[in-house]
Each structure stands twice: as structure tokens, then as C-alpha cells.
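Chain nomenclature is as follows: A, B, C, D, E and F, assigned in order of appearance, with residue numbering initiated at 1 for each chain independently.
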Amino acid sequence: MDALTQQLISPVVLCFLLGAVSRLIRSDLALPEAVYSGLSIYLLFAIGLKGGVALSQTSFTEFYRPALGTILIGVVTPFIAFYAVRYAGKLSKEDSAAVAAHYGSVSVVTFLASVEAAKRLGLESESYLSALVALLEIPGIVIALLFARSSNKNSWSKALHEVVTGKSIVLLAGGMLIGALCGKQKVSELDPLFVGCFKGALCLFMIELGIVASKRLRDAARAGFRLITLGFLLPPILGAFGVAVGLFCGLSVGGAMVLGSMSASASYIAAPAAVRIALPEANPAYYLTLALGITFPFNIALGIPLYAKISHYLAIWL
Amino acid sequence: MALTTPMKKISIILERVLKDDIIDLIKKNGAKGWTLTEVNGEGSRGMRASEFEGRNFQIDTIVNAECADRILQQLSASYFSHWSLVVYLSDIQILRAEKYQ
Amino acid sequence: MALTTPMKKISIILERVLKDDIIDLIKKNGAKGWTLTEVNGEGSRGMRASEFEGRNFQIDTIVNAECADRILQQLSASYFSHWSLVVYLSDIQILRAEKYQ
Amino acid sequence: MALTTPMKKISIILERVLKDDIIDLIKKNGAKGWTLTEVNGEGSRGMRASEFEGRNFQIDTIVNAECADRILQQLSASYFSHWSLVVYLSDIQILRAEKYQ
Amino acid sequence: MDALTQQLISPVVLCFLLGAVSRLIRSDLALPEAVYSGLSIYLLFAIGLKGGVALSQTSFTEFYRPALGTILIGVVTPFIAFYAVRYAGKLSKEDSAAVAAHYGSVSVVTFLASVEAAKRLGLESESYLSALVALLEIPGIVIALLFARSSNKNSWSKALHEVVTGKSIVLLAGGMLIGALCGKQKVSELDPLFVGCFKGALCLFMIELGIVASKRLRDAARAGFRLITLGFLLPPILGAFGVAVGLFCGLSVGGAMVLGSMSASASYIAAPAAVRIALPEANPAYYLTLALGITFPFNIALGIPLYAKISHYLAIWL
Amino acid sequence: MDALTQQLISPVVLCFLLGAVSRLIRSDLALPEAVYSGLSIYLLFAIGLKGGVALSQTSFTEFYRPALGTILIGVVTPFIAFYAVRYAGKLSKEDSAAVAAHYGSVSVVTFLASVEAAKRLGLESESYLSALVALLEIPGIVIALLFARSSNKNSWSKALHEVVTGKSIVLLAGGMLIGALCGKQKVSELDPLFVGCFKGALCLFMIELGIVASKRLRDAARAGFRLITLGFLLPPILGAFGVAVGLFCGLSVGGAMVLGSMSASASYIAAPAAVRIALPEANPAYYLTLALGITFPFNIALGIPLYAKISHYLAIWL
């Protein structure tokens, strides 16, 4: 399975592994909080910029169908996740809603890894896809929170505020606007930092994610066998759904593979903060372990090449 | 001798997301100021939602005894069912006490 | 009045390299949690090995009186010959005291 | 029982620019050490010059009672007209008290 | 007004806006303190290096007149600012001196934005201008502090020490020396970081400045109407003066525009710290609001294209 | 002595000087802790990557002799250092072991400065040398600690764990593995950050090292005259030994010069932490002042050109 080894032997994945292993051997390696947070600002803004420039070169007719498809994913996937976790996983309403909010949203790093993988496999993916990341960040979280609509309206509106004004949305959307307004030429002055250094910065970020995911994985036992199984089953289901939607909306094979990865991924930047506010009763041990400890590494290592295969076969079939 | 007045220091250890709310609460109940420190920690819950998002906060506020009591009661009433705040009082002796009441 | 219980707060200022050991020690002796702050400082030694590696830590742990005594004794026995820890106790009044014993 | 001695802890919240001066002052008045934490906060002044330059500092120093009194008097005399320092005392029980006097 | 839209639709200005808006909608976006401070070190050192390399390629006869002109600006502008704020603004002697120290000094970011703008307008500006930034940092602050010469000699000498050894001067001057000693070729090894990534880094820095300025702007009400008006009037006056001096000293149209922007700008790195030490009675609400809340955004958005126009017309006229 | 001025007038050395001077004039210049630590992660990982790519292009027959030579250096130099400090320096057994651990290990920044210097002198150095850095980090510390084998077995095994899982080894070895597995082509995507920006980042790091070294130097008085003299004498001795070993193992003149610099240098990242754990009785005033206050600046300024000369003459002679 060439796609798989191609995927596994890449700097981004190996850096994730390095972080995970360094945690296992109890190394003191860790990015300082400030650097980690600075890197995440950089990555999000760079993605936004790139998406904005791409949008400024994309016609509306080309863009509106994938955009609608993305919103569809944002609406459907939290339903799938909620009912899977509630009935197959036997979690409480609050915990299920919390998990659904994470799967309804998108992991930016999984998106990036998927774009990388597509390129390595020789598949082109539409460059306006990063604009869809911002689009997919919000509806999933909102819908999921509706499942556990607490009587406490105040905390609910605060959670919404938290998502919409959270730094991930502000940077993605802000970067997109700046990219679209300035256009390719003006933005190209920023390329050495935001394009040239991007992959290297992603590698450093991955080391830290590996460390954090490895911490989470240790907690997996507490989450229970049913839940761990779900952490492995949900991504392929949501991913296949995303790929199908993508192909249906006219995306290329590579683009559908990336959209599938987005759909299959679970947010761990915007969602946790919003969930913590709106659903303080929900147990972080469930949603963080699933999103960060299981689904994220699964997607990075196995999921992405799988969605590539699915996209490949579905594209022939459709 | 330097002129000090006995006051109470309330220390609250909280998650990042609660910061604005708790500051509102203490100010509404009469605190004239507060000091915030970034901390890490471990307690009854092994795992914290905010861990990934960064550290917790400790907020110290210096108030008189009645105000302290009011804040403690409010905190118990509003947060103790869902959140596991750590809240404690210490006795201190302060200079220029008029600033804090 | 809000219901507070008198407890002890142990504050320990330590070098970075001792962190895991000291946390082990206090947990083994009955502490249910701890809070860590990064600090700088100066004391009897002008120079610290850890200066170049970053700051020192202050660990606060809230425990009852017997537990406090146990921890203090252990710390004295294990570290005071080679390390110059700073260790002190304060009296505090805590809410929800059952969490800490 | 572990052998502790009653001492005073002085806590001072100050602006960044005063750091070196205040440390000089406490050392001249007999403090044998100090611990510094970076803090944020809000008080009587809404706005701080140092906000843009970074956080404020909290300096804790453990001293005996006379020394504490001297430091408090000096601080009042030198800084309270122009600067709005926050200064307070707590009672603590310390191990190895001889290090601090 | 083409210069104006050119100026407004640029990544640097839009990033400032993004920061300001994100603050208005109460987003949690903020650069970590350490990253912000690291970026400022990077920017100052990079400017110094560039200035130093330029100096090593500039003859003394070319350089000495602009240098003298810069010192003239450093001496005259604090006088203008002091009397304007003291009599038109009705502030106390201490507060007026504090404000004058800020206007007498220079905002490094305004300088950079102006160099950018000049390039975008097709105007060349002399590359040794960054050397003049270091030159303009000091005299303005010193002279302004003289207005409120406190009886407390000790604090005064400490304030002077603070300016001269402050990180902005040390990095600018140190970078300049290194650039001048090593020369273009050796320094070019550092170009990928200090030249290539410069504009991108400036954009990230701008986001944070937008956030901070927007906080300050909220305090503007407290500063009072008279003072706010002065915050808008001082820059054009000081700017026009700076442009005139620049042209007089033989700078190009672009160079005079940049020198005008420097003259019109108010420092918010070196000055606040020095003022806080020498004049603790001065109220930060006045000087920070003026410098950072009003004058800085004014210059970035409107001032710079205005000084371009002024330089253009004066150059014909002279 | 052309090699010497070449060495002194280089951005890296001048940045070190800038830091040292800024400390002397009591400037507030300092890299934030987080940025400093982030930079060190970046540098170590970049070195590892580079070494890994080089290894993937080096045959075993070419590599095994320099590798054995490096291990030899790791075994012999702590002995030299220990006996020198114990008998000529009259330190206690614990203090001598602590110092030996530092000289037995390697200063990564000295290594980098030496590679730079070799390039500037027109000498090629083998690109797999960075792989040797990781190799030299461990044995020296281990052997040195054996000298003061404390009864406390527990702390000893912890010290070993600290070295082997310390972030410097993890990043160097991890980077190397990733570089070797991915190969030149895949890693080249990371080049803009890890190769392009490398020298600039090293310069910023050097400013901070200058600050720290200058602090240490002030403590030198306390260390006493005998010890300071040793701080100047040990590097040439260890350096000459390293050069000889390097030439013997078939390294080029430039490569032997770099290996000599590694041998002559004293670690201040991995060693201090391990020593603090295994030998808490050892006085940091001795080992840190020697390693960071004396030997490091000596090597950067004078040692490296000296090892170049030695390598030059020995190569003819051998």
C-alpha cells in the first residue's frame, strides 16, 4: 500500500511520532506554551491568507457547491457522532453532545497533513479548500451544543461567542479577508514567512501535538473499550461521507480526499473551549481522549491514505 | 511601627474560561482590585479541559471581612455544582488599607 | 457565613530538577493536590544551577495539620542535607475542605 | 513535630521599572532572599504604564518581625507618594529559620 | 486619492485592523507576551542590521546632512509637542513633558510602514534611513524630560540610563554596528530570516499592535476632547516639519516622506519606560492614549499617504 | 592572523559580543525564556535533520572511523578534565567530576560556530559531523559521573535518564532519524525554515548566550585564579587532542578542526541538568563559570581559529 508508506515516512508524521515517543520515554522535551501558541497563530493565519488568495482567484460558480457541501458536512456529522456516542458508546447526553461538537468541527492540522499527503501522492487539491476549513469550524459545534441545550441560556450564548470570536476563527477568517483583499501579488511579499517556512513550522508544531496526544492516550483506558472503538470507527465513517460529498460537489479526487479528512477529523482548538463553557458537566476525559488521543493520530497515520483510496474508488464509481 | 490593618486575602484557583466571570463576581461584591498568576496543578480531577489551552489561573483579591464573606458565598452558590474551584482565605496585614475597601 | 475550615498551606520553593520527586513525596504523604508557579529569586546561594535552564518553581499544597507535619518531616529528612529548599507553612481557611483530606 | 519558627512574609506588588530599586531596599533592610512572580492585575488605577511592556511583579520576602517593620516603613517613606505599591504582611511558619535572619 | 487606498489595502495595515477589530468583538486573540517581545527584538535587530549594511555603503558626505537634520527634528519636535499639550491641551507640566517625550522620539513600526508605503508608491527611500531611527530615539526623550526637571536627580539619571541602554537602542545600534562591520556579503547569510521573513513578521506584530491600540482607544474618552484633537493635529504638523527638513537635507521625495513619518510618530517602546521612571506623577492615560490609541493608527492609515503628498508638493516647490 | 580576524568579524561572534556588552552596560535586553527555549529546540532539531540527511548519503565505511574516534574523545576527555581539575585545580572529587562531565560533553553552539568558521576559511567539513554531536553528548557525562559514584544509586540512574532523554539528545537523535528516513528530497521542503533561517536564528541565540556568559564571567572571581587558568588551558589541550583524533580517522582538515572544537567545548545544556541531579553537592559556581563564562567565549573568539591552525599543521605533518 504505497499511499500508506508514503504517508508514514514524511517529516510531518515522523515529527508527531517523535513527540509521542519522547513523551513515552519521559523526556523533558516540550515546546514552551508561548511558542506553541505563537505557532498556532502563525499556522492559522497562514492558512487563512492562502485561502483568501485562492478565493480571490476562484469564481463564485466554482466555489458555491463545495461551500454548500461543507455546510452539509457541518450539519450531518455532529448528528452521526452524537447518536453513535450516545447509543453505541452509552455516554450521558452532555458527554455525547460534547463529543459531537468535536467531531462536527475540524482539526486544522489534520487538514494540513491531508493537503500534504495529496501533493505527495501526485493529486492536486483545490487551493480554496482552506477557506472551507473556516466554514466547517462553526456549524458543527453549534449544532452539537443544541443537543444538550441547557436551561442556562447565558452560558450558551457565551459558548457561541467563544466559538465565533475564538482565535481560530478570527485568524482564519481575518487572514482570508486580507488575502482576498490584497490579492496574490501584495501577499507574495509575505511568502518567505507564510509559505516558505510553513512546513518546517508545522513539523515543530507536530512534535508538541505528539507529546500532548501521547499524554491523552494514557488516559484512554479510563475512557473504556466501547469509546476507544468508536474513536477508531467514527473517522472512517465521517471520512467516507465527506469524500462522497466532496466528489458530489465537483471537487477533484485530491480535493475530496482532503474534504473527507476534514470531515473525519475532530477539532481540539475551538471545540474544547466552547464545550467547557457551555457544558461544564461534560467530562473532558471523554472528548479530549477521543479527539486528540485516538482520532487525531489515527487520521494522521492511517485515515488520510484511507480517504485517498476511498476518493480514488468513489471517483471511478460515480 | 508601620501602620498595617488586618484584611482578608481570598485566593481562587480557576480554569482559564472562568476568568472574566469570576473577576466580575468579585468586583460586584466589593473587591477593589485583584492579582492574577498563571499556575499549573493537579487536584481531584486528573484531567483538565484547559490543560491543552494553557495554564490555570490563581486570582488573589484583598478585601475586608464582610466583603470576603459575600464573595465566598457567591462563589459557592454559583460555581460549586459544576466547577471545582479551589477557594481559600488567609489573614494578612496591609499598608494603606483605605485603598482596598 | 460561608463555611470554611482551617487548613495548612505548605509552600515549597525548589529547583526545576526536583519537581517530580517533591510532588511524589507530598502525594505519598497525603496531599490531594498541588499548585505550581514559576518563580525567580535570590537566596543564600548567589548562583543556581537551574538559572540557565529556566526558573525555579513554587509548589503550594493545601493539607490538614497532621499531613503537613508529615510532609515537613519528610522534606527535612530527604532534602535538607544537599538541597536548599525553602519550605514554609501558612494558616488558611478553605471552602469545601473535604476535597483536601 | 517538624521544627518551624514563626516569621513574616512581606508581599509587594510593583511595576516592572521598580524591580531593582525595591530589591535593593529590602536587601539593605536585612532581607536575606526574595522570590519573584510575574503577575497581572487591576487596582485603583485602570491603566498601567507597564501594561504594554509586560506584566507586573510580585515579590515575596521572608523576614523576621523587626526587619519586616523596617522594610514596611522604608517602602512607605520612599514610594507611597508617587507609586501605588501594594504591600502586605502574612504570618508564616518556616523550616530552617536561621537561613532567613 | 490613490496613495491612500494603496496604503489602506496592504497586509500591514489590514493586519493592524484585524487586531483592532478582534479586540472590539472581544476575541481572545493575543500574541503571547514572550512572542510579542521576541518579535520586537527580531524587528529592531533586523532594522539595525539593514541600516548598518547601508551605512557601510554610504559616504560620509552623503550621510551627515540627513543625520544633522534628524537631530534637529529630535530637538524641535519635543518643544512643539510640549507647548501644544501644555497650553492648547491644558495638561500639567509633568504630563506635558511626558507627552513631549513620546512625540520627540520615534515609532519604529510607523517608520517601517512608511518605508513599505514609499516602495508601494514607486518612491525610492534611502536605505540608510534606519540608521536615523536610532539617532532619533534619544534626543527627543532627553529634551522632553528636561521640561519637568524634577528635583530628584537620581531618577533622572536612571531614566537616561533606561533610554540609552533600553533594548530598542541596544538592538538598533548593535545591529547597525554589526551590519557596518560585517558588510553586505557576510550579512547576506542572514537574509532569509532578517530580510525574507521580515514583512510577514511585521504583519504578526501588527495584529498585536492593533489589539493594544484598540484597548487604548477605549480609554480615549477619559483623555478628553482637547487632547484627542491634539492627537490628530500634532502628527500632520510634526510630519510636515519632518518632510521639509528631509528635503532640505537632500533626501529624495520618498526619503523625506519617511523622515516626515518618523517625525510625526510617537514612540511607545523606549519612551514609556523612561517616562515612567523619570516622571512617575505623569498619568499614563494621557501619553499612552495619545501615542498608541490615536497618533499611531492615524499615521498608519492617513498620515503616511499625507506625508507622501506633502513631500511630493514640497519637492516641486523647493 | 587572518583566520582570527575572519572569525572575530562575523555576525555570530559579534552577536555574542553584543549580548555580553549589553549586559555590562546593564541593558534590559534579554530574550524571553520561552523564545530562548524555542530557539534551542529549533537549532537542535535542525542540526539533527541535517546530520540525518547527510548520514543517508554517507556510506558506513566512510562513517565508522570518525564515529569511533568521537567515542574515543568522549571517553578520554573527561579523564583529562577530571585529573586537571582535581589536582591542578584542587577541587573536591564531586566538583571535579562535575566539571569533567561538562568538558566530556559538547557545546552545540561552539560546534555550529566552528562549522561556520571552516566554511569562511574555505575549508570543507564533512556534513555528517552533526551526527557526531549527538554521539559525543552522552559518554562524556556518564564517565565523568562515574568518578564520583555516589552511594545513592537512585539519583545516578535518574541522572542517566536525564541525559539520554534530555531534550538535546531527543531532538538531535530524533531529527537525525527523521532526516535519514525521509532523505534529502522530502526534507528539502523544510529547508526554508531549517536551513535558510538557521544562521539568523543562531545570531539571535548568540545574543542571549552573550548575556548569560557575561553574567557568569562576573562570578569568575569567586572561582579563583587556578580555575580560571584551567578554563583557558583545557580547551587548547582537548582541542588539539580532538583535531589529532579527527585527522587520524580520516577527516578533512576542516572536519578535524570542527571535531577539535567539539572536543574542546564544554556542554551547558545537557550536562548541567544531569550534574545537578547526580551531584547536588557539586558547586555550580565552578562548573558553570568554567563552561559558560570562560571556555565558551574563549572557543568562540580564539579557540576555533587556533584549532584551524593546528589542524592545518598537523595535517601536513601526519
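Some observations on this one:
Definition applied: contacts are C-beta pairs under 8 Å (C-beta built on N, C-alpha and C of every residue); 3 or more make two chains touch, one makes a residue touch a chain.
On a predicted model such as this, the values are computed, not experimentally measured, just so you know.
Shared contact partners of chain A and chain D, listed by label, are B, E. Comparing the contact residues of chain A and chain F by number shows a mostly separate set, under half of all numbers used being common to the two copies. Of all chains, the one whose mean C-alpha position sits at the greatest distance from that of chain A is D. For chain F, the chain whose average C-alpha position is most distant is B. Mean C-alpha positions place chain D and chain F at a centre distance of 40 Å. A separation of 20 Å divides the Cα centre of chain C from that of chain D.
Per-chain Cα centroids separate chain D from chain E by 36 Å.
Within chain D, the positions touching two or more other chains are listed as 37-38, 90-91.
Looking at chain A, one finds that residues 32-35, 37, 162, 192, 196-197 touch two or more other chains. Chain pairs that touch one another: A-B, A-E, A-F, B-C, B-D, C-D, C-F, D-E, E-F. Interface residues of chain E facing chain D in the complex, by the touch rule stated above, are 33, 37, 162, 212, 219, 268, 272-273, 275-277, 280-281, 284-285, 288, 292. Against chain E, the residues of chain A that register as touching in their complex are 32-35, 37-38, 41-42, 45, 161-162, 165-167, 170-171, 174, 177-178, 181-182, 186-187, 189-194, 196-197. For chain C in complex with chain D, the touching residues are 11, 13, 37-44, 56, 58, 69, 72-73, 75-76, 80, 84, 86-91. Chain C makes touch with chain B in their complex at residues 1-2, 4, 7, 9, 23, 32-38, 62, 90-96, 99. Chain C makes touch with chain F in their complex at residues 15, 17, 46-50, 52-55, 82-83.
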